[in-house]
Every structure is written in structure tokens, then in C-alpha cells.
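Should a chain be cited, it is by its letter among A, B and C, assigned in written order, with residues numbered from 1 in that chain.
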Amino acid sequence: MSPLDLLVVAPLVFMVLSLLAGGWQRSLLALAIATMAALSVWLMTLDPGTAHVVGGWELPLGVLLRADGLAQMLVPAVTLTAGLTGLYALHQFAPESHASNAQTAAFWPLYYLMWSAANAAFLTTDLFNLYVTLEMASIAAVAMAAMGSVRAALRYLLIALLGSIFYLLGVALILSRYGTVDVTLLAGMAEADFATALALALMTGGLLVKAALFPLHGWLPPAHAAAPAPASALLSGLVVKIGFVITVRLWFEGLAAAATPAGLHVLGGIGALAILFGSLQAIRQESLKALVAYSTVAQIGYLFLAFPLIAGAGHAWAGLSFHAVAHMIAKAAMFLAAGLMLKAAAGPRIADLAGLARAMPLTVTAFGLAAVSLMGLPPSGGFSAKFLLVDAALRQGQAIHAAVMLIGGLLAAVYLFRPLAVAFSGSETPAVPAKAPSMVAAPLALALAALLLGFAGGPLAELATGGAPATVAQEPPPSLENTVKTASEDAQ
Amino acid sequence: MEALATGHLFALTGAVLVGLGLFGFITLRHALRQLLAVNVSGAGVFLMLGGLGRGAATTDPFPQALVITGIVVAVALTAFGAALTLRQAEEDHAAKEDDERGGKT
Amino acid sequence: MTAFLPLALLTLPLVAALISFAMPEARAVWRDASNILFALVKLALVGFLLLQAQGGVDFEWRYEFLPGHDFVLRVDAIALLFVTLSTFLWLIATIYAIAYFERGPNLARFFGFFNLCVLSATGVAISGTAITFFLFYELLTLATWPLVVHKGDEKSLTAGRVYLTYTLAGSAAFLAGILWLKALVGPLEFAAPPDLSPVPTLTLILIFVLLIGGLGVKAALLPFHGWLPQAMAAPAPVSALLHAVAVVKAGAYGILRVVHDIYGAGTVADLGLGLPLAFLASATILYGSLRAVMQNDIKKRLAYSTVSQVSYIVLGASLAGPIAAVGALVHLVHQGIMKITLFMCAGALANRLHIKAVTELDGAGRLMPVTMASFTIGALGMIGVPPVAGFISKWYLGSGGLEAGDAWVIAVLAGSSLLNSAYFLPLLYRAWLLPPQGDHAPVAELTGGWNRMLVLPAAVTALASLGAGLFASFPFSPLEWVSLIVDAGYLR
């Protein structure tokens, strides 16, 4: 057994146990968090590139699990996000509260299923196995969304299914062309012919639906806004990243040969549009959760805007990994905090939040800190990400990309400071029912983690670039003379 | 030569099915019909995948294994979608009844 | 060991902030005590550093916070000038704020963010690179926003929104500027200015505009001054701190750094940028003074006066030549001491006599003689009457103008002084020579703990501004310290 297997299998075991656990849900969660935390630490200590074939079936038939830098960052982030969200959910879906029995019974298996799907998606390099994890994640995500609105969930399911068809079509093409669907093998074989390009386009189209990249984001805001807070946190934090990570694996590793600069720039352009569109929509929202959901649409844009920057000078790859992690953690924190704030407020609208900064300072602090990271202001993981990306864009002379990212940060400030300002307003302190400590602590801990990410930039960037695909620009260790020299060359 | 033609036949039929399913998905409004349309497309993709394994003499089991897995996943999701559609219908029905009752009083 | 001293300068206010946030309202006395204690400890530390720096010892702490980007804290003579000012005024403003609010609501939050402001201002001062500077510059925005909206009424919220719009847009421009320049010439260390020769002139000018535009927002340079008068909605201690030390000074200090330590005064002059900047600063000086004359609200009048006075620093920075540089640096300190005096007096008048408008000021000198005496010293200093500190600044600025061959500077200074008299002397006339309106009893300024804590801080800073003028040639006076900096060749 390797930690790579266990990271996928253990949540599935917990899923089965949670069906049987009854009143022991709390102990099961504690066990799950401890197990997954230990496995995550183990994963981080592995050498980048460590791989393992499941069940001893060798490639090209077997399924490869691999710990590269991206996975070594994302899987521990999933552990943190899912674990703390679980602590929060423990009170919302408490086994002892008989009010929502059907939901309680359904939530926990879905929760572990999603955890397993996310880990599998970040660790696997087998395109068909990735299809299965996509569908696992879809089932869990749609079912969780259905807890809020069946209509939104149904819409989500149908569009996700359509995305899967496109993805699978691409996989079929790849299989017929190369006889394998393993990304690591494809990396050495892929050629820039029509079939490969078509397959890449089909798969990317399907994945962009799942990643909710503008203009394929339509399903996201209703589904994420309607779901219960912990479900929203997982949907926005984990699920959209799955589609994104698979896209990255295709474009920069498996089918990098067919990934033309033009294609990368198209994706980057769409990402830029997503940032602007999502931000403007978020500014227009009156409901708090819809605002946070549209913010996800905007933040996904950054992930794709980075695509054309990966191969050039700078540290865009690290910035990209940072952004995925920081957004995951900060967005989960924000949804959880928003959930608590809305429980205390008179209604779902932003205007109903007046005075909450006094009534629930810790929760508003969590919201504020998460907002700082999402806006990309220092010190936070979101800042480090945006900083590296803007730096890379300017070093490559992509002034427009840099400008879009900076403007996106300003727009984020416009929509995120609005609920904060309302929370600070008024002179009365609304009476707020007391909340369980772990429910308050979970979003705060997540938000602090997003903040602290900003202080661990150096080591984490090193982790992210470990085992990065060959297409990523590998720079010599930066030293003063070196940078000055390249810079003066640039200028000429 | 003949085997090649059958391979093409599988792929072409699959492509037609995918196209039909897509057309249905776009033109149909009802969730259940859209679900069926996606399934038609899915069947098309599986047909293409399955057709790949057909060699002149031997049959490659790898694509077949993928198809089987894919069908299992597709069935599960279709069942889930059908259940959701049912829930949606029930909710709509209940909302309609509520409206009617509200209209009478 | 001593390498960590710069870090200690930041840790002290951070710990004070955390204590303030965590301390329950019932233990407000402990919060006050710890705030004052930490300020005193920091003052002692600064004293030690001053002695060291006089001997030419610089302290530096360096850490690679992101690949290729160093986080550098550097305590040198010029940084110490600003640090000493902010630390001294922190202590004063803390004592004043405690008395101003007595036991009002939301004070844990207030003092927490107040300390974070001090942390950011200190960080701005001791930043060793442009990027480190940016980190603290942005943190300053974040830390001051809750203070601006502290009252939570409609006016404060509007002020907060305007403040954020201006400052965040400004820092985005600044960030774009420094990353662009860094991409061209490598790290922007203040202690080791980059070689700009390979960069095309037009690019250099564009970057300069971005940098000065970004910094000019906080320095309230025309046309980016709009946020400052609005921010007067904040409580008086905030106005005092914002205007004297934190925000506007960070902007002005940044402009000094850009002109002297990144571009170098010579390059700025060669690019033909010094004169336009000097014109802009002069326009701001005259415009701010003109607007101040028109205000009836005392705090608004002081705010426009700040707009005008801070541009003296910019003017000094933009005129090539050591004498003007001395004027700029010394005004950084003098304006801080004098302006904080004025704001603390205005706050005390509003707090005890409910005097907010100029027309209500009649006879205030008889009701609160100590406060009005302090106010008078501050106002005379602003006008430039010897021997108050303001005279020294104006003297050096004027001589600097002559030295640089820009005799028109004298006209600007004279015009401004005339306008200063026009908006300050009527206040003094009303307060001292007209009989009081209404039937307010004289305030017992020196009896009772709260009154004393409210009145004496302003008296101390008033005496300090008198002392800085009278004993300008003594060791450790602002002027002597600045001359030491200039003699040591810090400003090239």
C-alpha cells in the first residue's frame, strides 16, 4: 500500500462506514480527519514525481497514481478544506437533530464520496479513470446541490453529463490514436496532428463545463447559492478545481504537443473575460450567497488566464498552483462564514447583514480575511498567487493580462467590501443565537490558513514546481546578477 | 478490409448517435427528454469506444473494459437524474396545488 | 540577534493589536495599559536604534517570501526618521484615543486596527525594497478602512467606500509600476538603486507616472485628493493618526523613495519629470489652501490644509538638490507633529464643547485655554511663523528652490503662507478675542484623568513642534537628523 492508494480508498471506506455509523458520525469524522491529515503529510514528504501503479497492473493497462507538485499542494488543501467543512457540517447535519433526517443520512456518504473523488482526480494520470472520478464528483455535487434546490441541481446534472460526453469522446479519440490513455505515456507520444487537437478541444470543452469557466458557468451560481453552506463550500472549493486540474494535465503534460500558443491564448482570453464578467455579475447581486457564487466564476478566470503565461519567464506555474489552493481554502471559509451570517441575519440579502460585525465579530473576521485573500491583497495566499501571475505577465510583456488581473482585484474589492461595510454599519447589535464553537472556528481557521499561505510562499512555490511538467518554464535559482542580466536582455 | 469497414461502421454510427443526442439536448426542453438525449449521445460514444477494440483476428479487451465501466457509470447517473426529475415533478405538482388552493380561498 | 531588531519593530504593534482584539470589553483597563506599555517599549527600542544608527549601523532582515522576490526590512537613518515620528505619535495618539472614547462601544476592534495601522506605517518606513513597501502600503489601506467606517453611519460608510476606491486603485497602479520596472531592471532595493540605463525613456516616464500616480493617491496629490476630506467622517484620533503619520505620510514617503532611491533625483531631472511633479505639488499646495479657506467645518478645513501641507514634501522631493531634500524630509516630521496637534485639539473641542464649525469657535480660548494654546502653536507653525517648526521646513524648501534655480517656489510658498494665515488666523481670532456663545462653563482641563489625557497629548506635541523649531540645531532634532542623512549621501 502506498499513501497514494490510501488517499483515494480511505474516504471510500469512510463513505461506507458513514452509512452504518448512525449516531457515531462525530467519531467517524474525527477518525477520517486524523487519517487523511496523516496521509497528506506523508504525501507531502514524498519525492515529487513518486508514482505507483494500482493493483500491480502495469501501464498502459493499469491506473497510475502520481504525486507531483500540484497534487502535493492540492490534496493537503483538500484535507484542510474538507476536514474543517466537515466540522462545521457536524452541527448542521448532526445525527442527533431529527429535523432533517433525510438530509443527514444523505450528507455524510456524499461528503466522503466527494473527498475521494477530489483526491483521485488530483492524483490520477489515467484519462479514463479521471472520467470516473469526474462522474463520482458530479454525483456527490449534484446531490448536495439538490439539498438546496432540486431545479438547480437537475440543471447542473444535465449540463455536467453533457460535459462528460464531450470529455469521453475525446478520450475515445485518444485511445484510438495512441492506444493508451495515460497522461505520462501520452506526454512522450502525442503529436500535433488533427485527431489529437480535436480530442484536446473536445475534452477541454467538456472540462470547462465542469470547471464553470465563462461562458459555460450558467449552472454554477444557482446551484452553489442554493445549497446548504457546507455543501456550497465543497462545491466551490473542491469540485470546480477537478475540471481545472485535468485541463492542466492535458494542456501541459499529456497533450502538450497539440497545445498551440494560439489555443493557450484563447483559453487565457476566455479566462480574462470570466474575471470581468463574473466580477460585474457579483457586483450586481443582492443576495450574499449569489455574490459569493459569482465570485467563484470570476476567480476561476484567473486559473485559465494563467495558461498562456506558464511556458514563459516568471513563476506562473507556482502562481497557478497557489491560486487553486488559496481559492479553495478562502472560498470555503467565505461560504461557511456567509452561512453563519445568514443564519443570524433577517434575510438572505446583503442589506440584512447590518450590525453583524458587532454581534458575531469572529465570523465577520473570517469573512473579511477570506475576502482579503480573494481580492488578492497582502498578506494572503491569494496575493502571492496574483502577484506571481502579474509578475510573470509583465515579464513576458503581456500588459493586458496583468491589467485584467489588477482590475479584477479592484472589482473583487468592490463586491466583497459591500457586505463587510453593511456588517460594520448601524449602531444596534442584533441578537444572535449562540453557535457551537467548532462552527465558528471552522471558517476562521480556514480564513487564517488562507492568510498564512501568504507567509509560506517560498517553500510552497518550491513544492508546487517539484515534478512540474517539462513544458513549464524552469528557471535557474534567481540571483541578483542573473535577473539583472536577463532583464537587460529583455529590454534590448 | 471487411473488418476495417465494420470498424468504420461502428464509428460512423456512433458519431450519428452523438449528433442526434446533442441535437435532442439542445432542442428539447423537458429534463427527462434531455436526460434521454444525453444517454443517446453516451451510447454513441460507447459504440465508438467499443468499435476500436475490434481487430481483424483478435479483439482488444481494453476498450471493452472501458465501455463496460462507462456504461455502469452512465446507468448510475441516469437513474440519479431520473430520481431528481421525479423529485422536481413532485415539487412542481405540490406548488401548483398550493397555488390552486390559494386561489380558491 | 540584532538582525531581528527590525522584526521586533513590527512585532510589538502586532502583539498589541492581538491583545486589543482579544481583550473583552470588561478588561478595557488592561487593554489601555498594554497599549501604552507596548508603545513605550517600542519607543525605547527606537531610541536604542537611533543611537546605533547615529554611529552608522544599519539593521537588515531579509527573507525570500516568493521565488525571486525578497522581503527586506532595513532600518537606516532615513527609515528611523519616519519610525521615530510614528512611534512617538503612536504613544501620544493612543493616550489621546483612550481618553477620547472613554468607554465607548466597539473599542476592542478600534484599538486592534489602530495598532495594525501603526504596524503598517512602521513597515512602510523600514521597507528595504519597493515590493516590501507595497506589502505594507496595502496593509495600511486594509487596516485603516475599519477605522474610517468605525462609526457605522451612512457618512462613514460612504467615506469608507470612497477611501477604498481611491487607495486600492492607487496601489494597483503602484504594483503594476514596480513589477513592470522590476521585470526590466531587477530587484528594486532602496539601498542599491537599480541601473535604469537600458530602459527606454518613454517606458521610464510611463512607469514613473504609474508609481507617482499610485502613491499620489495616499499623499492626496491633485487630482487624487478627493478621499481625504471625506475621510473626516472618522473619529478624531483616526483623523489625527491618518493625517499626521499613517496614510498621507506613507504616500509622501513613497514618493521620496521613488524619486531618490529608485530613480535618483538626477535621472528624474534628466527625464524632465522633476519640474512637472514640482508644478503638480505646487498646484496641490495652492488648491488645498484655497479650499481650506472656504470650509466652515473645522476638521474639513484641517483636512484641506493637510492636502496642501503634504505636497510641501512632494515639492521638496521633486526639486533636485540637497537643501530641498532636507526641507522635504524635515517637513515630513514637522508637519506630522503640528498636524496631529491640530487634530487632537479639534477633537477635544468637539468632544467637550461640541464645537465643530469655525463659526462656533467664539471664546473657546476662555473655555479650554490649554487646548486652544496648543492649537495656536500648531496653527502658527503651519503658517510658518518662527520659531515654530514649520518655519524651518519652509525656509529649507525656499532655499532649496533657489538653489535649484526655481525661484518661483518662493512665490508658491509665500502664497501658501498667506492662504494659511487666511484660514488659521480667523480661528485664533474667534477663539481668543470674541466672547463665548451660549453658556458653556469653562472646562476643567487639568483635573480629572480623562480630561488630562485628552488635553495633555496635544500640549506635548505642541511643545514638541515648538522645540523642533527652537532647538533645530541640537543633536537628534529633526533638522540635525535630516542633515546627517543628507550629509551621509543617502539622497543622491
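Heads up, the rule we're going with is that contacts are C-beta pairs under 8 Å (C-beta built on N, C-alpha and C of every residue); 3 or more make two chains touch, one makes a residue touch a chain.
Note that the structure is predicted; figures quoted are calculated from it, not measured.
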item	value
Closest chain to global C-alpha mean, per-chain Cα centroids	A
Reference chain B; chain at largest CA-centroid distance	C
Cα-centroid distance, chain B relative to chain C, in whole angstrom	68
Centre-to-centre distance between chain B and chain A (centres being mean Cα positions), rounded to whole Å	28
Chain A and chain C: spacing of chain centres that average the CA atoms, whole Å	42
Contact footprint of chain C on chain A as seen in their complex	315, 318, 355, 357-358, 361, 372, 377-379, 384, 387-388, 390-391, 394-395, 399, 402-403, 406-407, 409-410, 413-414, 417, 421, 424-427, 455, 457-458, 461-462, 475, 478, 480, 483-484, 487-488, 490-492
Contact set on chain B toward chain A in their complex	18, 21, 25, 31, 34-35, 38, 41-42, 45, 48-49, 52, 62-63, 66, 69-70, 73, 76-77, 80-81, 84-85, 87-88, 91
Of all residues in chain A, those that touch chain B in their complex	61, 128, 131-132, 135, 138-139, 142-143, 146, 150-151, 153-154, 157-158, 161-162, 165, 168-169, 171-172, 175-176
Touching residues on chain C, where the partner in the complex is chain A	63-69, 105-106, 109, 134-135, 138-139, 141-142, 145-146, 149, 152-154, 157, 160-161, 164-165, 168-169, 172, 175-176, 179-180, 182-187, 194-195, 198-200
